[in-house]
Amino acid sequence: MQKIKLGYYPGCSLEGSSREYNESVQAIAEKLGIELVSIPDWNCCGATAAHNLNKELSLSLPARNLALAEEAGLKELVVPCAACYSRFTTTQHELMHDETMHQKVNGIIGKEYKGNLRILNVIQFIEEFIIDKLDDNIKFEFNKKVACYYGCLLVRPNKILNFDRTEDPQTMDVVMKKLGADSIDWAYKTECCGAGFSVSFTEAVGRLSGKIVEDADHRGAEALIVACPMCHSNLDMRRPEIDKYNGKKLNIPVLYITQAIGLALGIDRNILGLQRHFVTVKLNDFKPFAKKIEVENLQITEEI
Amino acid sequence: MARIGVFICHCGENISATVDCPKVSEVAAKFPGVVYSIDYKYMCSDPGQSMVVNAIKEHKLTGVVVSACSPRMHEPTFRRACAEAGLNPYLCEMANIREHCSWVHEKGDKTDQKAIDVVRMMVEKVKRNNALMSIKVPVTKTALVIGGGVAGIQAALDIANAGHKVIMVERDPSIGGHMSQLSETFPTLDCSQCILTPRMVEVAQNPNIKLYTYAEVESVEGFVGNFTVKIRKKAKSVDETVCNGCGLCTTKCPNKKIPNEFELGMGKRPAIYVPFPQAVPNIPVIDKINCTYYKTGKCKICEKVCQAKAIRFDQEDEIIEVAVGAIAICTGFDVKKTDFFPEYGYGKYKDIIDGLQFERMASASGPTSGEMRRPSDGQTPKKIVFVACAGSRDPAKGIEYCSKICCMYTAKHAMLYKHKVHDGTAYVFYMDIRAAGKNYDEFTRRGIEEDGAKYIRGRVSKIYERDGKLIVVGADTLMNAETVEIEADMVVLATAGVANPGAEELAQKLHVSYDQHKFFSEAHPKLKPVETNTAGIYLAGACQAPKDIPESVAAASGVAGKISCLFANNELTREPLIAFVDRTAPPEYSSCTGCFLCQPVCPYNAIEREDVKDRNGNLIKQLAYINPGLCQGCGTCVAVCKSKSIDIDGYTNSQMYYEVDALLNS
Amino acid sequence: MSESHNHLVDNSLSGKIKKETGVSVARCYQCGKCSAGCPVSVDMDYPPSLLIRKLQTGLPEHEEQVLRSKSIWFCLSCEMCIARCPMEVDIPPMMDYLRHESIRLKKVNPASKNIISFHKAFLDSIEQTGKLYEMGLIVDYKTRSFNLMQDVMLAPSMFAKGKLSILPEVIKNRRNMKQIFKNTLKNKQK
Amino acid sequence: MEEIKKIAKELLAENKVQLIVGFEKGSANKVRPAFFTKPEEIDQLIYNEYCIHNIALYLKKDICQKANNLAIIANPNVVRSILQLASENQIAEEKIKIIGISFEGKCVGLLDFKAAEEFSKTQPKGIKPEDKALIEKIQAMPLEERFNYWVEAFSPCIKCYACRASCPMCYCGKCNVETNNPQWIPVAPHKYGNLEWHMMRAMHLAGRCINCGECNRSCPVNIPLNILSYMLSDFILDEFDSEAGMNAVFTPALSVYTSVDKENFIK
């Protein structure tokens, strides 16, 4: 198998509180013969804090990374963290549409970003490089009822990201169905979990994430599937606040989509970092994978 | 030698506030060939026109340039004045220094210079104008009405009652249109069918009206007074002359599970069907796509049970050619379906319906016999939410205009619901209540005050389904924009009124213009509200923009009046500004090479092939010939002719050249 | 609306918003769809549509209320409002601008200090190390916000699960990072 | 070669045609167009790699017009010209017999229009690799530069009208450029007047040109006119899926409109 080489930006969370996300992305990439090359000497994207306080800072921090990636000769950049992905894509959009700002930011970072990078979120990465290899590599069928949770930053703002349908996205569901899961239709697919307030305003996080966990649980989902470290830490770590808001204890686990793929590929649970979760992931009894699962490819562009 | 008179109009201050009219007049007086030049406050006024008349006589003018407004406005006025003075009216030209100059520029030397240039160009043009004679054409005193909804019905009846023949073409198996689907009508709450069906019957019985249902306009050729229309009469598979409308076939048809279009998919119908009980004509059609016989070659039960022996499986579409003098477009509108709003579930929730579906549900002849029953499980909805502006006034996902009729019908729906479900609650999410019209505001107030509809000012952000309920999330902007969540049993979206799906195609067949929303465009929004830009073709009803019944009917009567005026004359006078192919002496006969590449380009099919023969009848050459009765003078053939063999009276090659020359050499 | 009105001078806050971000609050016709969909409108003193309404009047007291509001700090930039706004009034960039103005004019709502403390602690961490040092962030945030007891239960178990490291990760080119902050954030604050 | 002669001789001998248009030996190593009316003359008929000229040109000349019927030695360029002329009502099928020859010089026998259409489709386009390179170079230019390129390219034109004279599609009895009342296009060769002439010619040929390259060959100052025509043909093929010289019944893209025409050029 020819090895595919892709640029990779893990981001801060994936090196700290969400390291299992990084572990699972790396694990499935390795299993399927993809090499992820980190941007040399990358820095934090600035997240919510930067754009809340200063516009130029919020563009310069991602721009430095983009410029470094370009310097390193990378063409595609996989950005698993939805928040980083959003900041990167927004920065690219702003710089490419505002020449004055582009020049200014180039000056600030002391580098020149030309805009030749293709930025991929984890689902785009899966769609483009993983999904075709699944049929030949799946060992277990992920025969669970799951609720795919997209959150805000993967799908909005649609004009810039241009990814999937804003209100009823389907790409994660398609991937999960391919693994053999039954992905449910539910109400909180794209509602915000309160990410920006994960530390500073935990009551709001309890309420917002609480509604999400409750609706998924209420509709019989056995796992929540996410593709964003913010979503994951809110839905997983903030369970005390969530349970307090709902007035009951809910045990539905939260898995990264890469972990779900990893499980289906038969990768060890600990390599995928499942032991790091606060809500114990009890899912096991998977059926051996028998036959290819045909999933209807949905038209996922917003038709307006 | 040319003797041109130039008349500069101030148009009150419209021109003179920006353009120095006396100066323009002074300069124009020195143009070669100009013998008289004057400026005046209102050239179009009586004294102004007299100035033109007198100058023609006094200075023996051979051409006139009136430098004023757009020719669309006053060209006829001044051409008439010229004719009165004995000058051929086509020796008069307008130089537009209002729309093309004073209205679009600031005051200044450059603007004055532009006005002078515009006048100079027209002087050079008019020097090369030819005296032309207007063309007389006969009028066919038959009108074509396209669309058998309430507007079409009204127009047809009015024209027929004026003593003229009418041909009505309706796409569906029955006339009646959307109005026949409605339950009650605002603001009087009288039954829609009760007021419409007598008029439908009148159409069928009027000897002046020839009705083609299940038919569509295939093509239109010709011009005002003389259109030739091809109508495709789709095969009904039933002989209309024999069928007595007993309806036995429809009850015996074994294939009864086809979604009923008339009920907007909420009811079912057989493969051979009459769309609704009061249909006109009361003759069934076979839906070939769903009919078992057409699919498998077996069944023919309808044929067996038909006493009148009217079933014709081998019937084919028929093309009928008719000659008409005027056309009324009354093709109506459509409503957006519920599936375009992502945040309202892309149409995946069964209990979210649109306004027209609610009409059927409320109608005594509808799929629930007028009872409120939600589509998913047939339960009576105890809590119902109406969402106004669903797609209207929504540039992001819908259309930017106001659909106008939804405020009223939503108020009506809330009332009808309360009249049928006394213990139910009706919520209406709205942005503004637009109820301007006689007794309209009173009507919506009645809904709120007497029938207790709960109006919430705000737009719904999201609707999702949970445990069999529809959770409607909105905000009340009159209450600190607080979030309002309602657990509803059913939701009715007052979806936007949009153009009929076939409107664009029809507009292109008829050569009439339409707007960006595919609604037909009137010739002038105020002064020509029922005319199109194509002479002899008129508009009525909601094909122009969303309209309610009174407005549609009023417009239809307006169209009927216009057409009756047209038919009051035996002949029409047409402008002689038409194209012609040049002719030269033998052996050339013409510079036309006979390539006929002009033929497909003519939108009016006015170009024919003419044989040039010698005395023995041998063909020498084939040339293009432009039928003066059909040519509209658009000039497309002139542009496409490589050998420049076609010219157009009033805009000849030479006139255009010297206009440009005058501008470049000023 | 059109260019012909470009010569109009608008010194109101909404005028500045339009100039700086291109967002026209005049397009809003107060349907309230943003407020209805906003996940934090209940936490706000003025839900988004009401905030825009205050900008629409252009009255000084209303503009003052906006800059001193909690709303601008509660906005999560989740972009739900713009995803559903029928008039495509792009609220999130407007909120960013209002936050910057609120800081610049020293009008930050006291109740929002936690949120700002967090943001500042976050950026400090980046300025120092180039990356987010979560442990340091929590400590820094707690000292800034005086919420010393918050999440004390969480940190040890995070640590146990390998989710928290004691020492910061540091990028190599720290001078570059300082430079970026000097040219942007620090530049503005002075 | 022998096969061509055989067919030609038969046609004349059996009185099936009055005239055959082909080539004969010219001075030195050159070839020249020739018109044969008697079977015995056919011995003079030649066809070799130098016979590249588009002799379809003569079909609109008096000598051919006066003949009741004729045959022509037709390489693919000539075949395409005939089809295009036929689509423009300039020649009738019953009047002409086509002796088809492929670009490699292989005789394919007599072709009726239907066979000619098939033949035309199987033959390669007459565009050379060096021309392709020039096209790519021009297409890569920004609009202004491209305009300047053409202004410069046309500037050496001396208005000899050899391009027009050699073009089988330029059959108008009286060319626009010779109309002097009013005279839209100046006679004297100068930079912009030249541009006007060549733009007009290009527009008149757009969608009709069969890309034989005769204009370029005949140009004494080597203006790459074939490139201009080819770029237009290529564009029309892309945008309208329409190609000249492929069908005997055909309407060039610029002479038709449909409701699905793109209007993206309206800005």
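Here the chain labels run A, B, C and D in written order, and each chain numbers its own residues starting at 1.
Definition applied: a residue touches a chain if its C-beta (ideal position, glycine included) is under 8 Å from a C-beta of that chain, and two chains touch if they have at least 3 such contacts.
As the structure is a computational prediction, the values presented were derived from the model and not from experiment.
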Which two chains does the highest number of contacting C-beta pairs join? A-C
Averaging over Cα atoms per chain, report the distance between chain B and chain D in Å. 46
Between chain A and chain C, what's the gap in Å when you average each chain's C-alpha atoms? 23
Between chain A and chain D, tell me the centre distance in angstrom, where each centre is the average of that chain's C-alpha atoms. 61
Measure off the straight-line distance from the CA centroid of chain A to the CA centroid of chain B, and report it in whole Å. 51
So which stretches of chain D touch two or more other chains? none
Pull out every residue in chain B that's touching 2 or more other chains. 343, 396-397, 462
Please output the residue numbers of chain A that touch at least 2 other chains, ranges allowed. 166-167
What is the complete set of touching chain pairs? A-B, A-C, B-C, B-D
What residues on chain B touch chain C, complex-wise? 343, 389, 393-398, 431, 457-462, 473-477, 480-484
Provide the residue numbers of chain A that touch chain C in the complex, in ascending order. 12-13, 15-19, 41-44, 46-58, 60-61, 64, 107-110, 152-153, 155-158, 166-167, 190-192, 194-197, 199-202, 204, 208, 237, 275-278
Report the residues of chain A in contact with chain B in the complex, numbered from low to high. 165-168, 185, 187, 215, 218, 302-304
Along chain C, where are the residues that touch chain A in the complex? 39-40, 43, 73-74, 76-80, 82-83, 90, 92, 96-97, 99-100, 103, 114-120, 122-123, 125-126, 130-132, 134, 137-138, 141, 145, 150-151, 154, 157-158, 161-165, 169, 171-173, 176-177, 179-181, 183-185, 188
For a test of understanding, state which residues of chain B touch chain D in their complex under the given definition. 504-505, 508, 588, 591, 593-598, 600-601, 622, 640, 642-644, 653-654, 657-658, 661
